[in-house]
Amino acid sequence: QEVKIGVILGFTGPIESLTPDMAASAELAMKEASDAGTLLGGKVLVPVRADSTCVDSAAAVAAAERLVTSEKVAAIYGPDCSGVTMAVTANVSVPNGVVTISPSATSPALSTIEDKGYFFRTAPSDARQGQVLADIVKERGIKSVAVTYTNNDYGKGLADAFVAAFTAAGGEVPIVSAHEDGKGDYSAEVGALAAAGADALAVFGYVDQGGKGVIQAALDTGAFDTFILGDGMIGDSLTQTFGSALDGSFGTAPGSAGDNFAKFDKMAKANGIMGDGPYRGESYDAAALIALAMQAAGSDDRAAIQSKIIEVANAPGEPIGPGELAKALDILAKGGDVDYVGATNVELIGPGEAAGSYRELEVKGGKFTTVRVR
Amino acid sequence: MTGSYLIGDEMTGGYGGADILHGVTIAVDKGEIAVIVGPNGAGKSTAMKAMFGMLPLRAGQVRLGGRDITALTPQERVREGMAFVPQTNNVFASMTVEENLEMGAFIRDDDFSATMEQVFELFPVLREKRRQPAGELSGGQRQQVAVGRALMTRPSVLMLDEPTAGVSPIVMDELFDRIIEIARAGIAVLMVEQNARQALNIADRGYVLVQGRNRYTGTGAELLADPEVRRSFLGG
Amino acid sequence: MAGNGLGRGLAAFGAMAALLIAVGYAQSWSVSLAMLNLCLISAIMALGLNIQWGYAGLFNAGVMGFVALGGLAAVLVSEPFRPEAWRAGGAGLGAAAASALAAAALIAALRRRMRPGPARGTMTAILAMGGYALARHFFDPAVEAIEAIDPSSAGNIGGLGLPIILSWPVGGLFAAAAAWLVGKIALGLRSDYLAIATLGISEIIIAIIKNEDWLARGVKNVSGLSRPVPYELELQQSAWFVAKAQSWGLDPAEASGLAVKAMYAGLFAAVLLAILWLAERALRSPWGRMMRAIRDNEHAAAAMGKDVTARHLQVFVLGSAVIGMAGAMLTTLDGQFTPGTYNPLRYTFLIWVMVIVGGSGNNWGAVLGGFLIWFVWVQAEPAGLMLAETVGALLPEGSPLAQALSEGAPHMRMIFMGLILLLVLRFAPRGILPEKIRR
Amino acid sequence: MIRVENLHKHFGGVHAVDGATLEIKTGTITGLIGPNGAGKTTLFNVIAGAFPPTSGKVYLDGEDITGLKPHQLFAKGLLRTFQIAHEFSTLTVRENLMMVPPNQPGERLWQAWFHGGAVREEEERIRARADEVIEFLEIGHVADELAGNLSGGQKKLLELGRTMMTDARIVFLDEVGAGVNRTLLNTIGDAILRLNRERGYTFCMIEHDMDFISRLCDPVICMAEGKVLAQGTAEEIKNDERVIEAYLGTGLKNKTPAQRAAEARA
Amino acid sequence: MPETIDILNALALFANFVAIPALAYGSQLALGALGVTLIFGILRFAYFAHGDLMAFGTMLAVLTTWGLQGAGIGIAPLPTALLALPVAILGAVALSLAADRAVFRFYRARRAKPVIFVMASVGVMFLFNGLVRLIIGPNDQRFADGARFVFTARDFKEWSGLAEGVALRQSQALTVVVAALVVAALFWFLQRTRTGKAMRAYSDNEDLALLSGVDPDRVVRVTWIIAAALATIAGVLYGLDKSFKPFTYFQLLLPIFAAAIVGGIGQPIGAIVGGYLVAFSEITLTYAYRKFFAYLVPAWEPDGLLQILSTDYKFAVSFIILVVVLLVRPTGIFKGRVL
């Protein structure tokens, strides 16, 4: 028998280049769970994709509505961007009682929405990332930082968190300036940022979007040579483009560097997910959580799934890494307890909030390398 | 008449709705001036357009020099030596007077400066205004540009839809003079006129159209002499 | 819809209804109702634009800005009152507004007194800059104080704490006020120049809403707006409702969703019908005749004694008010205000497509266009996927084209949308329900 | 009634109107003639408020009306027609006429919405008046046709018809006769005379048909190069040397076919 | 008084962050606007698919470039993409002609209103949009090779001994030069050649053009050929300077339209001036002038950044400028036509 799972991401729109790999990672987890053959006694998870467009909440709600009421999915993986996530949660997930696990909606505002326990996320809130990043900058002895962020709730939230933490620690932020994604030219932003005379430039944007454009313009004009990168900026397309010109730049991304992520990455590559964009691990984990909760509840009923998510995600229980879903399903089938760790060290702090670790990355020799995990 | 150089024979057609023309026949020979008169909305302009291929005909045909040209597009007819000055929208408003005249000579490959000189002689004001966009001219000046443009083609058939509307008497006389000369040079001239008495005066042939039908046909003098025509169509 | 178009109109609306019903059967009633709600809102937006373009030939390329203003109204009306924010920054905001107004009044007075010329220009500029500086002097600290209050969940001035349904007329008022200002400035411009001016102004409105966090949290969004209808969970907890649902053989959760959507649909439909009635009555009156005359030839209309500028301003304001109202309704339905979602493709051009495809100048056409285009916009996604699948299935397994198709499936949405648009325009070039020429 | 004082209108380097001073007396039918490009239409445009003059003044009954907007002038009873017809092309002929009367209650939205009765009554009245005009202009068969589909001359008639839809005090006619059938033009001339005598309309008309001018107009003003060249009765003007040279000319130089035929016979 | 070297430093600073970027961006916009303005001027509608046509042409250039690079063919230090340009132009021309045949010709024959053309072009825009993404995907593609810089900021500092560097990218220089050449050529073509005049005549009065013997099909064809070539050139130059991403090309449409209209739509020169106006107003009004004045007026130590407006409003700023320009000159700087 088949159990449908909604996969709703912005396949078109401003992050359309990230989403194919994210979806594939989530579907990888579903396939792994199904292939185990032990899911609810041999059920198969069937992903049903829908387009969130990342920005158009009306379209996203319509798509989610279709998933829930027409496709009758048991749970939803997604949406991706914080804005549409909020809309889908309020208008579709809560009213219909469907679990929604976003891999990437990181806005701090999502921590406090009225989700009646149906909204989860596998990526931690940006409130923490800002703090972590500020610590790193401070430790590296950088005193003044110019900040630019993508003008949405994610960028703004992260920038606010970073600026607050950094100035509290005695750092100086002479200029904070938003940039719009997908625009043709970022010379104006770079001109203004450069003129403020800071030691480094913090970029809180998207790797394939304005963030990259800003870095390009900054490098071209010689305005900055050290960049501080938020999670959205971590991706190999950045280093492929700029190579060792970025050496010495650093940043953070949710996730553990440890063996778990490497393991996942290998698995993903082996399954044809060739990119290195962010949120692949979180995607895999989000889908895995759905499968495990289902198994723990012993049913693909929507409410039942909801009741078990936290339980399978957190301790106590046997730690489960990526690629070990079969084992976890077995344990659960036998009534045991699991603590899903996954690719990104999943730890849920109640609905709507995930703890999590961050990797501190630095560009060395034109490659992102993990310096340590915090 | 069936042997005339340009003939619109039993033309029937309209703009998509009901027919406007009902079996109208208009003909003109080389060296001749033919004038169409009639009340407003009689279908005079429509007949002209039909002869120039700007209106699909449901029946009838148009022949030029004995050849059936009913199927030709307007620009093909231009290449066959026909020239037309429409009643409205007859200049390139954004182009200068000179460029308007040059467009008249668009299909000519030879040197047309002599023709342009002739046009300037005929309408001296155009020489003054040669660099001004035609859209900024006065109504009568535009009319002169429009006729000048058609003359630039050096056509074998010249069709004019109310060429003298809005031009001052002195220019009208000159225009008619010039038209007589053109006709004498062996060109077939077909025109619609509301200054009907003057026009019929210089016409070899006259047609009175009423409600899309031929009502009277004759030489210019005959029509002028017909009291019924005078009273009903020429203003007494 | 009277006269010769009646049959065509009935057929078109019948077909539209059939489409929605088909979705109800094939996908679900919930999807169908949700779509209906957005269809209704889209129809109102299209009506507003039709009033401007169809009646008067005003090229408003700034629909998005007015929609957003409506949304802003929803926040400012329904959010709870935040006394602490007003204590912190209310005085400063007031002083800033007062100085801006004073400067504007001074400039206006000056311009009336002085003759045009460089002196007047310089004085205007000096006053404007002085006013700006003074306003900023009060404004900046006030904003800082407001934004400092609980920034992660508030940081704005809040609202009036009134029922959100009041924001619909208020949204109309906001948009009307903005339109009045825009119109005063830009209505002297002709067609495409007016278009670029309105486009620019709508971008400016969005920029302000996005960046002025004290107003409505900017890009940090406002969520959890109150509702004019009950929450699904409330219904699910009401014994009466559950019993009723079960007696109809429905799952209570599903039934609650349907009920809520149906209530929204009722409200929206009522608004739509009221506006449609007014619009039709106006169009068929001598007023409508005058507007069509102005659209055809402004110079002649002016020579016939019609005050073209005033009439243009009037329709521009009216149309914008309708659009603003729809904007407030949309935000009400979403339950959140997300300035980042306002993009011209979705909120300006799509509305234009609705009006043109429906039949500009014809109110019923605009409504139909709103329904149809929204339907296609939403259904293009699954349809595109299906198209990709069916074509892919015909191709040999593993062929590169099939591969490309399956990878590109989401983009089929665009292709599908484009195809529909072109097909409709091909077979109904003046719109599905073209403007009727009264004879 | 209308006094124009030292009026100038320049378009860049072109001095279309170049110091024209003239007067149109109440109750007259004043003819305005002059070579093409003399500045007649431009003068009309300035008087009717289509654009402001470069310098100079226009007075209506002693009141300075320079630079007023067309609709304000309309309210003062000043009406104009266009040399190049400005019909409302997507309105029918009847609607073109019906839109003219001022202060229609139905043109105010509130009344259009909520006072249907009053609006309907007024419409009946206006429609009746429009039908009279239609009949008069002999365009009954196209009364319900879109004005955009009319023939060139019919559009001219419609221009004229609009001036008959309201009680104007002074009407400026810019070549209503051009392109109008002469028999019909005679009827129109009668109508203008009647409006002038019976309803007290003052007219000022640009026309190139001297017969028509002679029949209707007194006085006649001839403009040239932006200035007033001559002024007087039609007879005086016709015999004025300057006018003949600049405007009227001395007839055809070539022989007409009839003349040639006569010569050949002789 | 500032010293000479400080003045030079200020100038270098201004050149590096304001003048050069604005000139390059302005030229990119101008090239795009040129195509829009041409289509508007002659076919009389606003062509919404232009951004996506640029994307399509550039995509072909990218694919061809990859092919050439694979085969080891290049013209270093110039980018290989220049070699690929002719192929790309041919492809874009073919696509444009096909679109005209399938879509626009129908409406021309029916003499539909301009707004119908505009809406049809929105449909075409969706199609192109999907097509490009189907073929090359939505991602960023890099295809620039050859030397990136004519000189870098560091080169400049070493050479001049100034504290401020100036960088000039090859793509920037290329863009400015090409823009100048293309405008000159287009201007010459429209004003002086027979075909050019026929095109202007057609745009002015279609019926009368027919009566002068102009072949309308030819005019339309030539228009599309030029427009597609312009779009491809603009797209490739933009892509070389920044990168190729379909979504960005769509987004460029707005500033391109703004540039075309403010310059006076239908006027080639207007497109150029409009492009620069948009670019310069964006950049000069949001630049923070503190450092600049620090060089010029060393005694003055302002506490702010001396930024007229925050970059948050850069898009809005350029539109305010547009609105102001239009209020002063209601048909654009160079008296464009009105629909």
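Going by the order they are written in, the chains are A, B, C, D and E; count residues from 1 in each one.
Please note the rule applied: a contact is a pair of C-beta atoms (placed from the backbone, for glycine too) under 8 Å apart; a residue touches a chain by one contact, two chains touch by 3 or more.
It should be emphasised that the depicted structure is a prediction, and the values quoted were computed from it without experimental measurement.
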{"item": "Chain E and chain D - chains in contact with each", "value": "B, C"}
{"item": "Fewest hops from chain B to chain E - one hop per pair of touching chains", "value": "1"}
{"item": "Chain pair, C-E or C-D, that carries the greater number of C-beta contacts", "value": "C-E"}
{"item": "Chain A-chain C separation of Cα centroids, rounded to whole Å", "value": "32"}
{"item": "Rounded Å distance between chain A and chain D, as computed from the means of their C-alpha atoms", "value": "75"}
{"item": "Centre-of-Cα separation between chain E and chain A, whole angstrom", "value": "36"}
{"item": "CA centroid of chain B to CA centroid of chain D, Å", "value": "27"}
{"item": "Interface hub residues of chain A, defined as touching at least two other chains", "value": "12, 16, 151, 178"}
{"item": "Each pair of chains that touches, named by its two labels", "value": "A-C, A-E, B-D, B-E, C-D, C-E"}
{"item": "Chain B residues within the chain D interface of the complex", "value": "15, 33, 38-42, 44-46, 87-88, 125, 132, 136-141, 143-144, 162, 165-174, 176-177, 180-181, 194-197, 201-204, 219-221, 231-236"}
{"item": "Chain B contact footprint on chain E (complex, rising order)", "value": "194, 197-198, 200-201, 203-205, 207-216, 337"}
{"item": "Complex contacts: residues of chain C adjacent to chain E", "value": "53, 185-186, 188-193, 195-197, 199-201, 203-204, 207-208, 210-211, 344, 349, 352-353, 356-357, 360, 404-405, 407-408, 411-419, 421-422, 425-426, 429-430"}
{"item": "Chain A contact footprint on chain E (complex, rising order)", "value": "16-18, 21-22, 25, 28-29, 133, 137-140, 142, 152-154, 165, 167, 169, 238, 242-243, 245, 247-248, 251-252, 255, 279, 282-283, 286-292, 305, 307, 310-312, 314-315"}
{"item": "Partner chain D, residues of chain C touching it in the complex", "value": "278, 281-282, 285-290, 292-293, 295-297, 299-308, 314, 435, 437-439"}
